[in-house]
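Naming follows writing order (A, B, C, D, E and F), and every chain is counted from residue 1.
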Amino acid sequence: MIKIIEKYEIIDLIKGAISEDMEGYGDITSKYLIPDKNISSAYIICKEPEGAVLSGLDIAVYICEEIDPMISIKFLSDDGASLDNMEGICDIKGPAASILKAERTSLNFIQHMSGIASLTNRFVKIAAPFGVKIADTRKTKPMLRKVEKYAVLCGGGHNHRFGLFDGVLIKDNHIAAAGGVLEAINSIRTNVPHTVRIEIEIKDFDELDLAIKGKADIIMLDNMSPEDMAKAVKIIRGKQEETIIEASGNVNLKTLEDICKTGIDVVSVGALTHSAPAIDFSLEFE
Amino acid sequence: MIKIIEKYEIIDLIKGAISEDMEGYGDITSKYLIPDKNISSAYIICKEPEGAVLSGLDIAVYICEEIDPMISIKFLSDDGASLDNMEGICDIKGPAASILKAERTSLNFIQHMSGIASLTNRFVKIAAPFGVKIADTRKTKPMLRKVEKYAVLCGGGHNHRFGLFDGVLIKDNHIAAAGGVLEAINSIRTNVPHTVRIEIEIKDFDELDLAIKGKADIIMLDNMSPEDMAKAVKIIRGKQEETIIEASGNVNLKTLEDICKTGIDVVSVGALTHSAPAIDFSLEFE
Amino acid sequence: MIKIIEKYEIIDLIKGAISEDMEGYGDITSKYLIPDKNISSAYIICKEPEGAVLSGLDIAVYICEEIDPMISIKFLSDDGASLDNMEGICDIKGPAASILKAERTSLNFIQHMSGIASLTNRFVKIAAPFGVKIADTRKTKPMLRKVEKYAVLCGGGHNHRFGLFDGVLIKDNHIAAAGGVLEAINSIRTNVPHTVRIEIEIKDFDELDLAIKGKADIIMLDNMSPEDMAKAVKIIRGKQEETIIEASGNVNLKTLEDICKTGIDVVSVGALTHSAPAIDFSLEFE
Amino acid sequence: MIKIIEKYEIIDLIKGAISEDMEGYGDITSKYLIPDKNISSAYIICKEPEGAVLSGLDIAVYICEEIDPMISIKFLSDDGASLDNMEGICDIKGPAASILKAERTSLNFIQHMSGIASLTNRFVKIAAPFGVKIADTRKTKPMLRKVEKYAVLCGGGHNHRFGLFDGVLIKDNHIAAAGGVLEAINSIRTNVPHTVRIEIEIKDFDELDLAIKGKADIIMLDNMSPEDMAKAVKIIRGKQEETIIEASGNVNLKTLEDICKTGIDVVSVGALTHSAPAIDFSLEFE
Amino acid sequence: MIKIIEKYEIIDLIKGAISEDMEGYGDITSKYLIPDKNISSAYIICKEPEGAVLSGLDIAVYICEEIDPMISIKFLSDDGASLDNMEGICDIKGPAASILKAERTSLNFIQHMSGIASLTNRFVKIAAPFGVKIADTRKTKPMLRKVEKYAVLCGGGHNHRFGLFDGVLIKDNHIAAAGGVLEAINSIRTNVPHTVRIEIEIKDFDELDLAIKGKADIIMLDNMSPEDMAKAVKIIRGKQEETIIEASGNVNLKTLEDICKTGIDVVSVGALTHSAPAIDFSLEFE
Amino acid sequence: MIKIIEKYEIIDLIKGAISEDMEGYGDITSKYLIPDKNISSAYIICKEPEGAVLSGLDIAVYICEEIDPMISIKFLSDDGASLDNMEGICDIKGPAASILKAERTSLNFIQHMSGIASLTNRFVKIAAPFGVKIADTRKTKPMLRKVEKYAVLCGGGHNHRFGLFDGVLIKDNHIAAAGGVLEAINSIRTNVPHTVRIEIEIKDFDELDLAIKGKADIIMLDNMSPEDMAKAVKIIRGKQEETIIEASGNVNLKTLEDICKTGIDVVSVGALTHSAPAIDFSLEFE
């Protein structure tokens, strides 16, 4: 996979972001103080002591194109790359007033997406030796799911379903409405597009047995202790080699290693997208 | 101020957020497993051990109205309220499938906005005894500035300018382009709408003198040590009682008290909106 | 599944459809000739000799609500129902001018969607005795995929993936780029969200062997003769009970029975959505 | 007239069509399997045995431009041209993954629009020797009226009014509300923009007499037998040479010739746009 | 015709207008000073000494509904009515802060639309005794054509074509491209939808002869002296009773009477929509 | 300040304006009469006897780019320039049919914006000798505030707040709700972003005293006689040198000079944007 996000995928988001910074009279400081269109040079650097992973660099280009086609950008790095402190990620040339208009919106994308990529990468480094994938969730910020889940990929993570529409996840309310675990699995298998897998969240070992019996494609072990998880994995693997086992709930950088040791396949982590702190980037003029 | 965010202000954001969760076939799990429209009861609770401040509750209502007018919500709390662990914030009645569709999108708003309100409140509690205001910045997530800055208010914080359009902030590039601090202030005073104040960011005591001479309305002390800040405050107050003094850069929960002691009026903190971790909320069916 | 399409899912489509009929001055005939808002009664009937299946009735309601809240509609049938010739599907009350504005746009949805439901139903009646599902494809009309695929469900059909985003389908170009069938399946299995199944289109028996070896979840037999299909089914079932087998290409009402006899699970048919003739409906005033 | 549809006229439709195929994660098959941007060659051919007329070729270009500016297209035919079986209509060069993303959306436009152009052309060939025009109606698919009516032109057909806004058509409800045929015609003549003609649908010879007396510009003979049509034409021509006479209702490829012989000027046919089957096109890589 | 403009016709315009007044933080004055939702009473009065004609009253309702459903409005007048100085046009009840938010946007519509209705009415009063219609043009403000042309109707005026799409007007460039007046008329008659009339602008008596020979439906006499107009009318009426004759160019309240005396049917006046001064309205709290 | 309006700021307005002129079938006259894309030459001239100031020239370029990239424009003047009668403002080259499509929409912007710039300039010429600024208001046309306020700058005027969001203006209802002038000023000062000035409208000398005591940044004297204004200015200047004094109400070209003589700083004039007559421009082909 080449780590790029295409312009047509996010152009409305970019326009919205520019617009919220420049309603009404636009940039009232620069328009009166920087009256000409002479070309200046600038660059963006990472100011994070360590562990930063880049995400969102293409978006800076799209923002600049939208604001002023006279701006040009030269990449010094790529999405997915690890960054040193004070490392430059791109050089920018263009009218100073235009660069100033593009600055904050561009940095807001990059600092947020790199924050997610960097946090993801810390989880991935722990899980990778166990062959376990770190997956995101639907716990994303409104309107930003596409870029946040792309940032998870940049950090080495793995995508879970995007929304309610591209993956089945049967939870307790669905089970209750359907009249039981087996009934739920069978009903969904009959009706849902045959192109998606059927995942079920189980809350105890009775439900686990039924999920195995129903041949669920993916079994989610939610909020289990590592001991119970290990026991569940053993039960599942004994009956159905191919079933994908996912762990979820109470996952953090401290508990992750013990979870990975249980033999599960995937760990899904809401914090990747709902609580990653921003990475510090700065745009400097030469 | 009543802490509400009106529906017309954020309806496009709400539609966008619903849409990213339910493209294509919509909720493929619930539509096949929960076929009827019988009324269920549910509630949302806060699962944060301590220090949570609520923000975004109205938005849950708007999301539910959009998805199914049969859903009704009863508030048990209000935006701006401090929440105990396991405290319920609202009761919900409606068709189970509709509630499930609204669940994640609603929680994504509330957990994020309450995260910002709660972090803001921690800063506010330190600064308030000194009569210092905690202000946000433009370092927000794309498309979310309106709700994030509303959340800052819920946490007891204060809003800085919304974007480039509703406040003047003269930075080094503007000064360079204008030919000096005084030239920049005078030029902007002549041209900009007379309804906005003129703020200037100064980097040393020479620039400070010029900013005072130019009668800047607001002087921003950026990345100064508390000692230099105190010195700067003394110089400004000696000449111009009314000038608003703002501190910025390297502000965190540890450094804040020392900064407040210097006598400044406002501290602006990017982390409020770019790095607040989410507060944990959960929707439970009865 | 209750066969309804929710208003928020298609409101933009409805607005667009109304708008293309009433740009500029709006309905220039009715606005000058029917000046009052007295309440008239009307109804919609099906004028198809036989075999019609209804789809799109909710949409008539949404269109009328958008044009004039004074219009009310009473359902006499439901989406998915078989219709007799001259059978009424709904009664309408409201101002005559408003009903006339809503008439053509409402009928355009119903006649097109019922056309798809009706054609689908003809395929389903042949395939059902063999336990074979009739599935749609991505060969839909621009902007109408959601309503067209909903109409397929109304006719008793089954949905394939909605778009490129919610199902994997590996075709010859993907195989060539990946360096072979096994390489393609393995690469996609490592990377793609674990919530979707992996489908591969195979063109001969060599590729079939590799697809089985790679444990593809779904194997598509494209443009094969019924004899070759039967042979392929036998090979697959001998090795992997669970694999879903899909037939595609050269499927019509005459060839369908022979295809179904081969033991495949699903037949996908582009014509359901790209070539279904409209069903004739008419709105009559009382 | 040059048969082109300009990009600005349909860009929103194109964006909507691309978007419904690539929500969420986009093309999940190609993005993981075709990682580079090397240039491939492909072409689109018509696979219809006979009678196909091309429409929509420009749209393929606009879709490709939107998805990836690295794609270039060379036309081998033009909208309005008759196509032989297996005739190529364009050559395409660009990154394989980008071409695959553009493929289905492009073909969906071309197959549908060419379907309409081809069916229109069959009607036109029958009517042309009699100097009769074949016109479309408002029985179009939602949101597609512009492209469908353009396709009618490509097939040699003629456009009726686009919507309710650009032509007057007085029907029975209007006559009833106005108090009679003459009253309706006079009232509309007084009020409606003087730039549109006044058309009236008549149901018997009494109404015909009044329509002639009222000097209607266009008289529509709806669902009349050819014999009655011929009689009506004779009556009209005897009194008002210039009146345009339109036939409508129960028109198909079998009944058309008899209708044309009656001396009417225009025949309007709903089936052109509501029931034209798709023409088969295929994109092949070299 | 009832003079109302339906909500669905202008809702996007209303949302846009509200939005340009309340971006960013919204109404920063009222939200901090009027914290409760107690119900206040207000009314809108006309402050124009004489000659005011009302237009746009429905729009005030739609704006208030959008901002706060707690606002209710009672009409005291109707669109198209003549207003006395200080006459009240509606009573308003609702939360004071909500009324203040709706005030300026509502008045901006009403003052502008009533300005157009009032100016139109002054032209209509001069022309009506001669049986001449006063028509608008396409010289409208961007995005406001629908409401401006509706205002012309409120003032007693008549609508010309809405845009380029619903009426033919052949000008000198079209004549040159087609190779002559007759060629242009014949070519357009063959191709254009038969539902629109054919209008031609002629610049001298040679062109007039050809336009009559070509049986143009409408002949526009552009920038002619009243003497030449009278001569042209005589020539046209002598040959083709039914032709509609339109005068245009250099029309104002002083020249209008002489133009009307020439026997033309319609006078089109750009100033109605491009230069009407606003009528003064004021919202007062009780 | 360079007087340009950037494309991204107004592209939606431009698209909307083009669209209202070319719905449905588009330009039905030109598409049938001007079939080729040969390049023609044209130019736009000002036909105003005197006093015209140009505004909106960039917009013509953006409209042409949107309609047909084959059109090119060469500027002969700039926004803000004074124009002689019959002076050319730009040369245009491109396909004649495309220029005709762009003509009216371009002229509608330029004639309206130049109308505002020209009227503004007449006020500015009177006020400038007194060092008084002429400011606009929120009395603008719906959706056009951005371009109308830009036009005010082109005419030498000054911008007041853009909307309710970027400036505080305390009026009588706010004072009543807050419980008095001082209470209102103090409450707003505590809460509102510190980046905006606090303006208050006072209706008598008692309120004036309180406004001075509350240290309002801007005091608006509304509908005062020049004598009272002079008295108020004297009182304010005697206590607070820096307060900005704004006059409003009953301002026209006749009363302006007397108002300016009173010593106020700014005069705000609603008529600039709500009642400026259009300037006459014409597009001519060579």
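Just so we're on the same page, contacts are C-beta pairs under 8 Å (C-beta built on N, C-alpha and C of every residue); 3 or more make two chains touch, one makes a residue touch a chain.
All values reported here derive from a predicted model rather than from experimental measurement.
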If a chain touches subunit D and subunit E alike, it appears here: A, B, C, F
Fitted rotation between subunit B and its twin subunit D in degrees, CA, nearest 5: 180
Chain pair repeating D-E, as identified from A-C, D-F or A-B when over half of the contact pairs by residue number coincide: A-C
Farthest-lying chain, centroid of Cα atoms versus that of subunit B: D
Interface with more contacting C-beta pairs, comparing B-F to A-E: B-F
CA centroid of subunit E to CA centroid of subunit F, Å: 23
Separation of subunit A from subunit F, taking each centre as the mean of its C-alpha atoms, in whole Å: 45
Centre-of-Cα separation between subunit F and subunit C, whole angstrom: 52
For subunit E, residues contacting two or more additional chains: 1, 20, 22-26, 32, 146, 159, 162-163, 165-169, 191, 193, 196
Chain-level touch network, classified as line, ring, star, complete or other: complete
Footprint of subunit B on subunit D - complex, ascending: 20, 23-24
Interface residues, subunit A side, partner subunit D - complex: 1-2, 6, 8-9, 146, 149, 159, 162-163, 165-166
Contact footprint of subunit C on subunit A as seen in their complex: 1, 133, 135, 158-162, 165-169, 191, 193-197, 199, 215, 217-218, 242, 244, 246, 265-266
Subunit E - residues contacting subunit B, complex: 15, 18, 22-26, 31-32, 35-37, 66-68
Touch list for subunit F against partner subunit E, complex: 13-14, 16-17, 20-30, 32-34, 96, 100-101, 104-105, 107-109, 111-112, 115, 138-147, 162-174, 177-178, 184, 187-188, 191-193, 196, 270-271, 274-275, 277-278, 285
